[in-house]
Each structure stands twice: as structure tokens, then as C-alpha cells.
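Each in C-alpha cells, the structures are laid out below.
Each of the next two complexes has subunit A plus one more chain, namely subunit B in the first and subunit C in the second.
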Partner chain A sequence: MRKLWWRHAALIVISVIMLAPFYWLLKTAITSENIYEYPPHLLPVRPQLFNFVDVWYLIPFPRYLFNSIVVSLIAVAGNLVLNAMAGFALTLPFVGRRSVIVLLLSCTLIPFQATIIPAYLITAHLGLLNSYLGLALPLLSTIVCIFIFKASFDAVPRSLIDAARIDGLGEMRILLRVMLPLSTPAIATNIVLSFIWSWNNFLWPLIITRSQDMQTLPLGLARFLSYMEDTTDALYAFVVMVLAPGLLVFLMAQSAFMRGLTTGATKG
Partner chain B sequence: MRWRRILLSRFFIVPAVLLLGTGAWNVYVDLHAHGLLEGRVVDPAGKPVAGATVILSVHDFVTQVEKARTRTDSAGRFRFDDNPSHLIQLQAQDGTEASPRVTIRLWFRGQDRVVQEPLRLAPSA
Partner chain C sequence: MRSRRRAMVVACFLAPSLLIFIVYRILPLVWNVVLSFEYWSPLHPATWAGLDNYQEMLQDDDVFWQALWNTLIFLGSQPIAIALALGIALLVNSDLKGATVYRTIVFLSYPLMTVAVAIIWHWMYNERGGLINYALRQLGIIHQPIAFLDSFAWALPSTIVANTWQVLGFFMIVLLSGLQNIPLHLYEAARVDGAPAWARFFRITLPMLRPSVFLCLVIGMLNSFSAFDLIYVMTNGGPGHATELLITYIYKQGFVSTRFDYAAALTVAQFAMLLLLTWIAHRAVGGNAGAIE
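Let's turn to the complex of A and B:
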């Protein structure tokens, strides 16, 4: 019991240390304090929400928000469809399956920056520069999420799939009717990861957008920072507004997300 | 039963509450965004000043642009009908006297507002 108490105390201290920057961010966003003031105030002084109103009106925030939502929804939809199919394919026996798995795993070692020129050229050839689909294209399928689906599908009892086959279900219907309903944690993990990756993506939108109308929130944040460099409170309000949707999605799917990451970990 | 489970899940309730809140806020904004702005101008002794000029400037992080002027009535009251912004500054002038610039922050563009604290004239430096 005594040992457990210390463990909890240590975890609380670590949590406080990790959450402190977020608290400071929120505190600065709801006040107009000078962040360089010494000694700093621990609690917000005269809190107000007008910084959020400033951000909403002084830059095209609604447009950035709309673009980010559309791109993230496309990325999430693409991830669910393509990764589920790819993950299911990798659970089936076929010639060269092991090689495909090794190839996919080795591809995770290649940083995105190294593939950005071919990715740009492919997107340009497809005529998708400066479009929502083009913005979402590199995140339509991610290898990590394919393996999350694969691990989840591997945990489904083989007898269940065999029974479905005997009942006459094709592979696609087995995926839709048997595998996916039993893999909700993997679906939640895919949604959370693809949403957050897409939401926070900065480099790719920076490269392929041509007009301000197509920019997403991270680009808007960079523009805001360069345009209004001495308005820390409004800048922090902007950061909170960019962070909030991702946090909300994560908090809603948190438990399923954790289960999804550990599915298959104890298999065998 | 399945629908009931979906309707009671947080994946439905949270977006639904957000959508409802956004809708209600937009209705409120629509009903209260006529750009009306009212207030008073008083002299250093606190008496209403008739015929004082009140200047409305739209303010942002970088610029400040004068948008409208009006004059106070016999009771020292002024009124603007077309405030376009959410972040404005007001200043009253009367002859050699002027009030300090007062920054007014609104919750949305053109929010109707009665400024409670009067603009107090003081001799210009």
C-alpha cells in the first residue's frame, strides 16, 4: 500500500510537469499578460475570452478551420477504407506475404521528407495540387495503421472466419460483417491517429497549396506568427483553437484508442 | 436498441452538443448584431456635453482606422448605427477638450452595446 502511494505521487508529479506547458498556454490565451513578466503569476489575472474573438475575426480562421476539417475527414475516411483492406489482406495467405510485410515495415524507416519530391510530382501529375484530395493524399493510408488493423484482425479467431466462409460470405463481406465489427478499438485508433496526423500536418500543405483559401490551420498559425509577432496572447489563443479539436477527438476515443494499440499484443 | 446505444454514445452526444451550441450562438449573434453603439459624453465635472464629436475607430493588432463620427444630443448621448467591428476605440472631442481613447471589445462584429462608462472630456495637453 505504501509502495503504491509513492507510485501515485510520482505519477502525479510527472503529470503536473507534463501538463504545465499546456496550462501556461491556456493561461496566456485567456489573459493579456506579458509572458516575460517576472515574477510570473501562477493563476490567470483578469481572465477573458476576447483573444479568441480577435483570432476568429482578424485572420480567415473559419476558412482555415473548414479546410482542416475537410482534409482530416478525407484522411480519416481513406485510412479506414484502405488500411482495413490492406490489413485484412495481410492476414490472408498468399505468395510473398512475408516479403510484403518486411517491405512495408522497412518503408516506415524512410522519413517523409525524403519522399516529398516524388510525392509532389505524383500529386502534380494527378492534377491534385491545391486541392483537398491532394492535401490528404499522403495520409490516405499509413503503414502504422495498416499494422494496427492487421494485429486486430489476427486476434479474431480463425474458426469465426472459416464459419463465415462456409456460410458463403466473400472476402469483402467477411471484412465488413465479421472483422470490422470485432475491431472497433483498431477503428478508433485509426481515426484518432489519422485525424491528429492530418490535423497537425504542416510541411505537405505548405508545399502543395497555392492560395490562401486552401491553407489549413497549421499554415494559418505560421502566417499569424509572422504577421503579428508581438501579440502573444492572441497567438496562444490561436494555438488553443488549433489544439482543441485534436484533443477532443483523442479524449472521446481515448479508451478504445488504448485498446486498439494493445490489441494482439498478448496473442499466442 | 442499437439506435439508442448510438444516440447515447459520446461520439454522438459531444458533436450534437457542439452543433446545437454553435447553432444557438449563431442565432443569438444574428439577433444582436445591428451595429448599434450608444453612450454618453460628460465634462470633467460629470455634466452631459451637448454637440461633442465622438469618433469611432476600428482597431486591430496592426492598424487603427477611423470609421465614423457623430455628435452628442442635448443630453450628451451619442449613437452609432453601423459599427462594423468587434474591436473598436471611441474618443470624444469638444473644442480644446478631448476624452482618452476607450477600447471596447465585443463578442462579435457589430454587437449592439450601450457603453455604461461615459466618455469624460479633459483639457487636451
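Let's turn to the complex of A and C:
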């Protein structure tokens, strides 16, 4: 009994530390105090939502939002289609299957950040700088997600697939009619992971966007910070608005998200 | 006939993904190496440079050594974060009431946009409005506010704290799934034999966790690349070059000074370091910890 009490105490302290930055952000976003006054107030003074309105006037928020949504939609669609196809191909026996798997696994060791210079030059050659497709292209397929689909397809009973083959279904139909309907958790994980990765992506858009029209939310945030410094509390309202969709997606699909990260990580 | 059609299907299904990985992973890797041996900029034709870029990097570039050292310190913080995460994972790995709530709270910061994390912590460290200076002053630990992110001594540790806050939950989840894969009968047998708690931890838990720890180490090393967002927004490498990491320096050389050739050489150096460290971690955790295989 005493031991349990001790554990809860430790976990509550950890939780408070982990949540403190969230609280401070939210407090700053809704307070009416002068945020540079010392000492700061621990509770928001005369809470209000004007900062959230200010964001719409201070920066082209709808434009950033629209760009982020378009890029994320392309990335999610690409991930679903390409990863499902690749994952399915890897469950079929073919010559060179092992080497393809080894190739994919070794690619996971090449961090995207280590490719930025040639990736920029390649994208420039393709004429895709400053375009939605260029923004989404490197994210269109993800190795972890391919293996999540593969693991899910491997779990489909062989007899079912054989029956479908005997009935004369082609491979495409087997994928669409048999495999995918039985893999909804893998589909959910793919959507959540690819959405969050593309929504949060910063370095790539930073490199390849030229005009403000094409900037996504993370770029808008960084830009806001650099030209306003942190002299306005509207910045923090903006941060809240940017974080909300990602957090909502995460909280709604928490189990899919965590399962995806760990299966992709430990099972491969 | 049938297997030939199957081969066609496999090729068509794999081609798009493979094309993306070849164009955006493997080709850049090769291109980086080639570029690092050349003098090249967008308006000049390439000429062979031999080892000049590397010579400049190793002999004449103080910022490179500072960035390398900072990156190593950053990497050195990852095992500490993993140890912390292991502690939390052990605390929530039981039928404790509310364990899932604690787990969600610790994990909540991981899926956040790193740029936003950087802005939040930039504000947390603020001299006047920041929670950290306020708390430290209230507790009597310091008497004057510290400008953490403008201080040569504090800037790097401060960004490391922000990074740890974000990745802790991820390490915890990986270790937790490792803990849950340890067969319970091992612990029962040890308890029957009268092994004390610490012996059970060092003889059963830690050895069985090796693959998960190795995975955390690899991800931790990749973090030294993905920390770009955090550093770029929090300090942009400053003050001076006190928080310059190799990846932020690569970005600056490539896209601010348009020295693509030199930036490529820096990238090759960092990638080589990454591979070397992964190999060392692989050996240190004990030979066959092929977690990603």
C-alpha cells in the first residue's frame, strides 16, 4: 500500500513537469496582463480570446492553414496508396525479396536531414521548387508504414487469399477486397503517422518554398517569432491554434499512433 | 506464366515507393559524397577539388569543431533521457490505477510540431515572463534572472532540456513495449529463488530490454539531425556558435552562404559519425541486438 502511494506521488510530480509548458502556453495565450511584467501571474488575468482574433489580422493564417492542409492531404493519400501496394508486394514471394527488404531497412538509417542539399538540387531539376507536389514528394512513402502494412497483411489467413485466387481475383482485387478491409488498424496508423509527419515538417518547406504564398504553418510560426520577437501574446494564441489539430488527431487515435510507432520500431 | 505475371505485379507495386527512396535517400547519399570532392556552386561548372573541402573542415574551420563538439554533447544527453524514460516506464508498467493517463501525459509532447515546442520553451526561459526564471527565483535557487538562451554557458543545456521534454515520451513507449515482452515467469522464478528487486532488475529486466534500448539509442542519434527545427527557432545556433549543431551549420553553409560543396562535405562527416556511433552502440548493447532487423 505504502509503495503504491510512493509511485503515484512520483508520477504526479513528473506529470506536472511535463504539463507545465502546456499550461504556461495556454495561460499566456488567454491572459490580459502585460506578459513582460514581473512577477508573472500564475493564473490568467481577465481571460479573453482576443489574441486568437488578432492572429487572423497579423498574419495570413488562412493561407498557411490551407497550404498545410493541401500538403498533408497529398502526403496522406500518397502514403496510403503507395505503402499499401509496397507492403502487399513484400508479402508475395519473388526473387530478390530479401534484398529489397534489406535495402528498405538500410534506408531508414539515412535521416532526411542528411539529404537536404542533393534533395534540393533534385527537386530544382524536376522544376518542383515552391510547389505543393515538391513539398509533399519526399514524404509520399514511408518505410515504417510499409512494414506496418506488411505485418498486417501477413496476419491475414492464407486460406482466405488462396480462396480468392481460386475464384480468379487478380492481385489488385485481392489487395482491395481482401487485404485492406481486414487491415483497418494499419490504415488508421498510416493516416495518423503520415498526417503528423507532414503537418509538423519544417526543414523541407523552409528550403524549397520561395514565396510567402506557399509557406506552411510551421514556417509561419517561425516567421512570426522572428519579426515580432515575442513581444505579442498573439504569437502564443497562434501556437495554440497550430498545435490543436495535431493534438486532436493524436488524442482521437492515440492507440493507433502508439501501436504504429512501436510495431514499426520493434517488429520492423 | 503465372509467376511471370506475379513478378510484373510485384514490380509495379514496389516501383513507386522504391523510386521515392532511391531519388530522395540513396541518390542524395551518393551525390553528397561526389559533391564533397568538388568545387561547385549553382553558377559554376564543377571542378575536382580532391580533399580540399575536408582539409578546410578539419584544419581551418573552428566553427566545424565547435558544432561537432556541441553535437556530441547533444548526443551524450540522449542516454540520460533514455535512463529517465526507463524510470518512468518502470513506474507506469504495472496495474497501477491511472497508468494510461500518466502514459498519455508523458507522451503528449512527442507528436507536437517541433517549431511550436521551440517557441513554447523560448518563452519558458524568458527572463521576465518565463515560468522557469520565476520558479527558480521563488524557490530561492537564483536571485537574478538568467537569460538562459543568450548565455554561452546555459544555451546548449537549455535546448537539451527542451529536446528531452519532447522525446521522453517516445523513449518511454518503446521501453514499455519492451518491458511488456519480458515473460513474467522469469520474475516468478527469480522471486522463488529469493532474488532481491535490484538483482531482478539487473539480471532480468536490463538484459531482456537490450533490443529496445538499442532502438532508443539509434533514434536518439537520429535526433541530433532532427533537432534542427528546435535549434533553428530557439537560438539559431547562437549566442555566437554556442548551440550550433552540425545540422544547423550544414543548413547555413548550404542555404545561407550557398556553399553546397562544403555543406556536402559536412554532411558526409556527420553521416560517417552517425554510422560509427551506431556501430559502437550496437557493440556496447551486446552484439546481436538487431532490433530493427
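In this text, the second predicted complex is superposed on the first by the 224 of 268 C-alpha atoms of A that agree within 3 Å, B and C clash if a C-alpha of one lies under 4 Å from a C-alpha of the other, contacts with A are read in each partner's own complex, and residues count from 1 in each chain.
Criterion: contacts are C-beta pairs under 8 Å (C-beta built on N, C-alpha and C of every residue); 3 or more make two chains touch, one makes a residue touch a chain.
No experiment lies behind these values; they were computed from the predicted model shown.
Of the two partner chains placed by the overlay, only subunit B lies in contact with A:Met252; subunit C stays clear of it. In the superposed pair of complexes, A:Ala222 makes contact with subunit C only, with no contact to subunit B. When the shared chain is aligned, subunit C comes close enough to touch A:Leu203, but subunit B does not.
Within the superposed three-chain model, A:Thr115 lies in touch with subunit C and out of touch with subunit B [touch as defined at top]. Of the two partner chains placed by the overlay, only subunit C lies in contact with A:Leu243; subunit B stays clear of it. In the superposition on chain A, A:Leu58 makes contact with subunit B only, while subunit C stays out of contact range. Within the superposed three-chain model, A:Ala89 lies in touch with subunit C and out of touch with subunit B [touch as defined at top]. Of the two partners, subunit B and subunit C, it is C that touches more residues of subunit A.
Contacts from subunit C toward subunit A in the complex involve residues 6-7, 9-10, 12-14, 16-18, 20-21, 23-29, 31-32, 35, 88, 91-92, 94, 96, 98, 102, 104-109, 111-116, 119-124, 126, 128-131, 134, 137-138, 145, 165, 168-170, 173-174, 177-178, 181, 211-212, 215, 218-219, 222, 225-226, 228-229, 232-233, 247, 250-251, 254-255, 260, 263-264, 267, 270-271, 274-275, 278, 291-293.
Residues of subunit A that touch subunit C in their complex: 4, 7-8, 10-11, 14-15, 18-22, 24-25, 28, 35-40, 82-83, 85-86, 88-90, 92, 94-95, 100, 103-105, 107-122, 137-138, 140-141, 143, 146, 170-172, 196, 199-200, 202-203, 206-207, 217-218, 221-222, 225, 230, 235-236, 239, 242-243, 246-247, 250-251, 254, 257-258, 261-262, 265-266, 268.
Contact residues on subunit A toward subunit B in their complex (touch as defined above): 48, 50, 53-54, 57-58, 227-228, 231, 234, 248, 252-253. Remark: subunit B residues 10-11, 14, 60-62, 85-87, 105-109 touch subunit A in the complex.
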